[in-house]
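Below you'll find the structures, each written out as structure tokens.
Next come two complexes built around subunit A: one with subunit B, the other with subunit C.
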Partner chain A sequence: MKSKFVLALVLVFLAGVATVPSAQTPTADQIMQMVENRFQGNDSQVQVQLDTTNAQGQTRTLQIETKSFLYDKQNIKYKILVTVTAPADLKSLAFLVWENKYPKPDDRWLYQPSLKTVKKIEPENARTSLFGTVFNFEDVNGRPAEADTHKLLRNEPIEGRQAWVIESTPKNPSIVEFSRRVVWIDQESLAILKEELYDKQKGDLLRVFKLAKQEKIDNIWTNLIATVEHVQTQTKSKYTYSNVKYNTGIPESAFDPNNLGK
Partner chain B sequence: MRSKMIRWSNLTELSVNYPKTVILLTLAITAFFLLQFPKIKTDTDPKNMLPATSQVRVYNDQVDRWFALHKDVIVLGVVNDQGIFNTDTLARIVRLTDEIAKLQDVVARDVNSFTTVDNVTSEGDLLTVKPLMSKIPQNPQELQALRKALYENPLFLERLISKDGKTTAIYIPLEPTANGQEIAGQIKQFLLKENGPEKYYLAGDPIARDTFGAQMFLQMALFSPLAGLIMFLALYGMFRNLTLVGSVMAVAMISIVWSMGFLIGMGFPVHIMSSMIPVFLMAIATDSVHIFNEFYFRFRELRQKRAAILDTMRTVGAPVRYTALATAVGFATLSLVGFVALKAGHLIPIKGAIEPVMVFGLFVAFGTLALRLMSFSFIPAVMMLAPEEKLLKVSGHEDLESNWTVRGLRRLGEFSLTRSKFVIGASLLLVIVSIVGMSQIRVNNNMVSWFKTGSEIRQADTILNDRLGGTASAYVVASAEKQDFMKQPEALKYIDSLQRDLEKLPVVGKTTSVADYAKWINRVMNRDDAAYYRVPEDEPTIAQYLLLFSMSAKPSDLDNVVDYPYQKANIWVQLKTWDAGAMRQVIDRVNAFAAAHPLKGMTFQPAGVAYFNLVWDDEVLYGMLEGFILALVFVFIILTVNFRSWRWAVVSFVPLLFAITLIYGFIGFIKKDFDMPIAVLSTLSLGMAVDFAIHFVRRFQQRYREDPDLERALLWTVARPGKGILRNAVLFAAGFSVMVFASLTPYITVGLFIMAIMLLSALATLIFLPALIRLLPGWLLKEKILVSVGAASTTQPELNPEKESQ
Partner chain C sequence: MKYEYALKLILLAVFLTLAASSGAFAEPQKLETLVIDETKTLEESVCVEFLARGLQTSGLFELEALSQIPREPNPSGKPYDLTVIVPEKILQVWLVTADIPARLPDFLQRDLLLIKEIVAQIYNGSDCTLRQAVDTSDDLAPALYAAVLLQNGWLQSPR
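After this line comes the complex of A and B, so read on.
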């Protein structure tokens, strides 16, 4: 019941945002905060296919299952469990993430099935590759708004959707791979429709993310297909969501590191 | 044959009658070719000696794509004798890495140093994935932690840190279009700003290659005119007449302008090979010395310029024609190298010809024909314009009795005639000794050793090879029949033991493969227990570890060693020398290992820069050698036609073979590698040594027909045309002696080699030939020469034979 209430609140809020006249446009920081706090259900379960294609057109495919649980309703923070389901030799390899409020970094654990061990991972940043794809964890979990300073560049339509265009620069550039990023935020769904990353060395375009398909499922705007291309190496990754289910009542205990692999 | 000869003498007559018109016409044609020069395109990359479509280049490109590799990588070594683990040195490395990554044409994302690599480590059940050095360590604890991280990880040792902790390196991959020398120059600007105790060393194939290419052009531009100047002075010392000396130089320049202009006009780039055309043509142009040599004798006897010119051309015409023809055919044949290389079926036959060698051969041949044309037109025309009284004065020295050179030559001739058996015996002994030396020849090429020992590039290479894993890079690509094979424990274990086996070779430094990554993660996942630094025992574990590795490092790190379908793995082999032979050792070792430990479903294939250099060597070097041998065959045929006797052709070949055998023998004894410059220069002997013999034999035959006294005719030949031969040899040796001062070792080789070829073949012609002809008169002279000379005499009546005889 409570979850429905939160959902309704957010929707009302979103509706309000979408119709505000330009004079009352939220600031860049507010927008990014809304993006970070985007509600994705009390819990969810989804099958994801990850395809990565290199410059020669060879493809590696990974099937994963993602479960999430909203454990910090005030800050909209989730516990997320990502488990590989295919190929067979990687089956059951799992990552568990507990999102934390910035600046506290997320907690991460790895479950390694052949040793049947759980390892706590201490990465210096969350921008390492997600399963060897061009995506990183932040592409899926979102990047903390407070990690960057933001500037609203303009409003413009993109792919038939009205978007805010925001330029962000990292506050601590030494732990990220980019010097600048430009995002197109869907004013209705608050999804990132497009993202351009520029490298630190020469400011050249590094990576382009595009949301190819989003849909309202159970009244929640859900990303379904997205692509990302490393422009310089011409490696591309694509995720495709299927069987999206919200609020099925997954117990929080499924997200306990001690229960990983069980 | 006959009508053609008449045409040539007609040309001479025409030139003598209308000298100014002929000179103007020549200059007009020259101007036309000169106008082509602004279109010049240069290509200083030795790599392009093999076409982009050659099998090795196509294969290497393919391997680069399979494993997302960069073709060209520069290594910047940073050495601090106090050790690099101090805040200042590390700050410099950070600064330099940042600056270098910002350079145009540097592949910023893959620049590797302390500051850009990630490291995955573990402490208990905590797995840490982070940059090796995200900030500069400020205190002893942090410095110690960095030191520990570096030494602990075998992937870093001897790559990012030397065993003694005094050397590190920044690996700088370049875009395919980049010029290594230019980037090295920009990096040096950054280094100048750093004023710490560190020493910096820049190494890597792109620097050596591009620096060599650029320097080669510079040295050509510097030493060709210098050689020309010295030859000019030497010529003036011989003929004391500016007009005549000027005309020899002019003819050389004109032929260079013609052939280079033609080459540029046809749209060929001036490659390192074709940049040597001027030097070769200058050498071939000195052949006109024989014309002046004879002219001075004739002019002194006839005291009438026009008659002397026509007489000279009639006498010297035949040898000049045939030397030019032999040279042109020789070089044109050289251009067939590519086809020969294709047929010879080496390890790796390439499709198509070696274009730069073809271009070189064809345009030298063209220049030679231009020289020949001018010998019959431009030179007589210039001689017509030379003031007669001056000529009279200087030609007064040209007397077979009074001139000291002539007297010396005559004595030399007497010696070889009276001691014929000794001369032949001594020469044979020399040849036998040389053949022993030749058997010691080592065919090898090493571009870095083309720079002098003390040079920056050579030093950098030595020091970095001494301290780190090796600057020369090669790949051994393992290919499986099935996908996912490279995740099998037996595949990785096999690769691992192959690596250990390769590392036993002294020329091999460090090797890196997907097995090393699997081993490292195995250790990390097992609480950093060193006992687990081995290939995991089952396929899922390997697959999972490699996935974890790809999440803890740059994705390219894994891509560099295994392809997407896990069907191909790449073993990166760092070699401690650029010797082509080192790569050959690696290939042999891999083959031997594969033969001793057969594994079904996996094969190995070499690739990479070091492998390219090896193929380049085999193709270009052996190709050149085969072309040279083929050219010798063609020249032999020409000589046989010329003398209408294969026996005389054999005799004419003797000085060339003698000179080459002696030089090769010497090279074998001093253990100098038989490399590219020597192969190129061997071809020059086509243009020179045979020429001397043709002049000698041809003039001897003429003389002998006029005065059938063997000894007298031989002595005359040694003294009179012999003086021309000696002049030609000394002239050229003098000109090229300046090359000894060049900064690239191939040029020093060029200088010494040319001097040796010229002097040895001249001496062989003047000492050995008379002795040989004297000892074999029955074989050479009986009726055969009389028949052949008789035939020749109908086409070339010798004027005033009685005046010529002493």
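After this line comes the complex of A and C, so read on.
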């Protein structure tokens, strides 16, 4: 009986060692800042396939090409150009984003090829759907660390990777669809391996993001396949990256709204 | 025999010249169409692109675009046959013509019906927020803008 009690005490102690962050562990704010600042190349170019499946099992595929440019001056972090390559009814549509430092909203332009028009898009919530998929812009580009308050819950392995588990609550809940989010952050690559969002109504699970594949390309950890499921609408999206290239010297002029569609 | 052949060739050439000048073999003339896209969000603006693509695919419309309804006279002096306005906040698509559809030529009436079909296909689906196409006899707004655009030289009386 005594030995069982001792064993239980040892197990509780070991469990504590495994889950409670140690003194060397960075704080939740530091981790989220590291995630936001992780180097993604001076520029990058990637082809992305976005597959979205609705509750009835119908799947729609969108193919886009994304170019990004690390600007990091005049309060602008990145300049990102997204061009639709398929399907035909959206081909050549282009979307340009100048990602500003928080809390300034991003600047966005849309090129409508049929009208040969570049129009400025009003600053919107970065959490609106990306071309009808379950992904939003923040899934692809990251959510600013300063937008939330963070709490480190524990360390735990997930899919064979050691992760920090952090709970974040939005500082401005009125502009987001969730009440809190829990993220699993890979301690090596600083990628978000999993994210759970909970709704505002009852705190029920709303959406789950999972990183399915990442690889080092040109020594940069790169997300290659990820899925996101809207649990309540049973709609799922998956992105698959291919032909990822870093530091190819994309000219800054490619990210000028006046050059869209040219 | 040679003369007969040459005469046939000449007659054919004369016939083709006359036919071409009378427009017998010409493609149906496209309607000069001004699309005024007042939408501001990404989702709505993408839907306007769908609409423009639908119009273009029909082969009946030559499109130009503005981002807001012009209040000043048309500087180009080149009026349009038709204006399609996608307002920002009202969930309609306004088909603005110089007169009510019943008094327009048949081809223009047919084209308006086609636009209504295209609008229904795009805005009744799951991708775009529901909008209804209304013309100058359906609603006051397109009728009002028809008067303004006509007066300022943006819209022309039916050909």
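Please note the rule applied: the second predicted complex is superposed on the first by the 234 of 262 C-alpha atoms of A that agree within 3 Å, B and C clash if a C-alpha of one lies under 4 Å from a C-alpha of the other, contacts with A are read in each partner's own complex, and residues count from 1 in each chain.
One rule holds in what follows: contacts are C-beta pairs under 8 Å (C-beta built on N, C-alpha and C of every residue); 3 or more make two chains touch, one makes a residue touch a chain.
Predicted model, so just to flag it, every value in this text is computed and none were measured.
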| item | value |
| --- | --- |
| Which of subunit B and subunit C A:51 touches, first, second, both or neither | neither |
| Partner chain in contact with A:107 - subunit B first, subunit C second, else both or neither | neither |
| Touched partner set for A:29, first subunit B, second subunit C, both or neither | neither |
| Superposition-derived comparison: subunit B or subunit C, residues of subunit A touched | B |
| Partner chain in contact with A:116 - subunit B first, subunit C second, else both or neither | second |
| Which superposed partner A:146 touches (first subunit B, second subunit C, both, neither) | neither |
| Overlap of the subunit B and subunit C footprints on subunit A, listed as residue numbers | 89-90, 93, 110, 112-115, 117, 119, 121-122, 124, 128-129, 131-132 |
| Sites on subunit A touched by subunit C in the complex | 89-90, 93, 95, 108, 110, 112-117, 119, 121-122, 124, 128-129, 131-132 |
| Subunit C residues touching subunit A - in the complex, by the definition given at the top | 35, 37, 40-43, 45-46, 48-50, 52-53, 55-56, 63-65, 67, 127 |
| Subunit A-touching residues of subunit B, taken from the complex the two chains share | 65-66, 68, 98, 101-102, 104, 107-109, 111, 118, 122, 125-131, 134-135, 484, 487, 525-526, 536, 538-541, 543-544, 547-548, 550-552, 555-556, 558-559, 563-565 |
| Partner subunit B, residues of subunit A touching it in the complex | 54-56, 58-60, 87-91, 93, 110, 112-115, 117-125, 128-132, 134, 174-175, 199, 201-202, 204, 206, 232-233, 235 |
